[in-house]
């Protein structure tokens, strides 16, 4: 197939049917915008989910009579574990201060003596820590004499886990729906564009054109349309992102402690290349049914 | 315009171009499915948000020496306020039990005397209660001698409010995107369907057909396609809903305390009627440009 | 209140001209078609028609001829308002068709039976449907449509082919479908643009004879053709378009010398 | 390894038959077209062609005639493989075209110059583009394309109209665009299906003469027409299709009695 001739004929098509091109590109752009938007949302949500998932922690309550040596030894042991990210020693006094500050339960509790609040080792877990590992750690630590109790917040984490995974399922279902919709738009748009060429295809085939000759410019057109549409979609998404970034960061993101981020550059490239490829493939598929002349 | 003749010709179109009909209806169905899905999601999310919003409450801490009469009087007064849904008297003993049950802070606190936990009136607010009203109530109640402190949980509610309204903005942006996409699909699909009739339209006009005669069957076809597509979308959505309902209720919904619900029947009717109307309007608009023969 | 607001009446200035219904006395005397000094420019420098004057009486049979690109089709297109005149005017039954509103054009066309040079039949419709559409536009009941379409197909030699897809017909058969559609409505005026170009000589004579039979019932016929053997066989009025003007070549068979060249020069 | 896998060579069985390139000695002696007992059924009960036998020698000029619906177009469509034969075979330069792979069909068609009965030109392309596409398919350089298209347009009397949109041309002008596209590639075999149906007698003779000039350079021409005045004017071989069979009517002008009816009976 002669690429240069195909380019020439594809450009002729562009010149002839500017209106059709506009319709096609705008439809494709909307479709890609949806896709990229869902990608962006999914990416940020999964960052948030990962961040939540990371906040696993274990409280190891120490006996009031535990010797500082034992505590230091236990602390060192915990630090050595692969699943442990950080260990902090909270004394009774600190615990009381924390409690009074956060619990908001009126002045009466202010009279509680520090002894009512046991000292603890607050263990922050690494993101890799699974529920089993946490249980294993808890089991081992409990056997120490200096330890009165271990709180793994298991119930809370189970709930959080369900929440995050339900969110993931919802995001996947949504993304699949959008992808379906996007494919329908793209398929119809390209089919429309190719159907308008039906007569030309017939004439060319009857004049001895090979399938490649006919397909060439149409695939080029499809590639170009897909490419331009994807670029437009990315640009629009970026504008939208920049406009909404600050309010979102100020509210939701601040609560969870993550800042929203735009699609990574390789993701942007993937969307654009994907647009071109989908355009090309759609055209090649659509043209097939008209080639049999 | 002769409706019966238009119906006859529309049915002829259906018989002739079954393939085109399938493409059109399936694309439209996908589009409506997206729209109805977003509606469903938005509706359930807003139910949840409303539910969260309803959980406004105020704790009125009572002085240890408050006479039962004063408390009963205060309780009656609170019950009389329009913004108050429910008032519950929590004694010191109950408060201690609750605290020990929920707070999970180790055995040491078990030794706290009931006096450490003040009795309180737990006021559940009506959904209509605004922040100002709550502040007003708190101000009035505080002046009672029997009251030591009033906790309105204002900080927590402010945070929740931001979260819910950010979620609302996100849902609206998403819905707008999907609606845009849906309109693009519908527009292109119908334009494709009408463009295939271009030659027929020209011939009919040249044989003396009025615009109404030409438009009639096409609008009927569009209406029918939109209607069928909307019905299919609703059915698919219902199947999906029934499949996902139980897992969702078991997880997310249970946490928040709401059960997910399907679109209300008037919403279902609105989607179906909307589908038919969009199909009709799309056809009528698409056909216009071919009528000038 | 504009003319368009008169409703059905205002939009149907030609409703009373159907072939079978010429009760109005004043109208029957007027020529059915008058072209006064008609100009049509497709390119500014080179008008296709430059001052055409032509009067066609009710019930006439007129051959229109002229070399390729002379403007025969353009002339007919002006009459059915596919194009509008750039200067001059065309009166159909005394009414200026340039002044018809968009809404009235269909009612003009319902008085015409048009055989288009490129047929304009729908390939994926059956033969029956292609012919029947002209009657369906007139809201004719289905039983009557069936009977009249069958009759029209028989007259063009296609009886029994009603259920065939028009795409599968030969060129000549398609042309006869176009002829059947033009005559099935029994119009007041038939505009036939090269209706025998794809027909063998036998069929061409048959179709010409068919138009003559219809003409004998009072229908006016404008028959544009290149086929000099057809023209020579019949004693009809002949107008030639040459250099954008109309030349009256003969009113009777005897006055016409023969080939086109002797006319155009 | 199937035949298709031989790449360019395997797919181009006819590449050497372009008009100007008949170097291979064995091929030049064979008849360019042989139809052996060809049957074509569109309906099971009523074959369109029933046992057609026809041999066309390289460089012949053959008129094909027959009544409307006889099967003239079908015959030509079988040769350019729009349809396939239901029985019998068609040899083009000794090769059975029924056994061509899908990939080879374009190379068969590049040896043919086809004037379609319904023109098959693209209305929204210019005249130039409609003709040039035939050369672009052959990957001809642009400068050469321009020169040869201009020449072809001049030969059909459309020089200077290259930039016009084909939709705006008259019927006869469109037909001449179709003729120009068929001759511009200088094919080995021209299949002209009713190429003068929309032309006035002068132009019809001009186009016929054009095909004869091309025929004089060695190109074989199959000219399907209804126009008996054309057939009668020239001394070419004439085959008639009647009742699905081919009747050799004459090899020279003298042996032909005249009208079709005397042939078919």
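Details
In this document, chain identifiers A, B, C and D correspond to the written order of the chains, with residue numbering beginning at 1 in each.
Keep in mind that, in the parts below, a contact is a pair of C-beta atoms (placed from the backbone, for glycine too) under 8 Å apart; a residue touches a chain by one contact, two chains touch by 3 or more.
Note that the coordinates shown come from a computational prediction; the quantities given were computed from them, not determined experimentally.
Looking at chain A and chain D, not one chain touches each of them. Among the remaining chains, the Cα-based centre furthest from that of chain C is the centre of A.
As a whole-number value, the distance joining the C-alpha centres of chain A and chain C reads 68 Å. One simple way to say how far apart two chains are is to compare their mean CA positions; for chain B and chain C this gives 63 Å. Centre-to-centre, using mean CA coordinates, chain C is 33 Å away from chain D. If each chain is drawn as a node and touching chains are joined, the picture is one closed loop, every chain linked to exactly two others. Of all possible chain pairs, the ones that touch are A-B, A-D, B-C, C-D.
For chain A in complex with chain D, the touching residues are 2, 5, 9, 12, 16, 199-200, 202-211, 213, 293. Partner chain A is touched in their complex by these residues of chain D: 80, 82, 103, 106-110, 112, 114, 116, 120-122, 124-125, 129, 133-134, 136-139, 181. Only residues 42, 65-70, 72-74, 117-118, 168-173, 176, 193-194, 197-204, 226, 228-229, 259-261 of chain D touch chain C when the two sit together in their complex.
Against chain B, the residues of chain A that register as touching in their complex are 23, 26-27, 30-31, 33-34, 37, 41, 61, 64, 99, 103-109, 111-112, 115-118, 148-149, 151, 159, 162-163, 165-167, 169-170, 173-174, 177-178, 180-182, 184-185, 187-189, 191-192, 195-196, 240, 244, 247-248, 251-252, 255.
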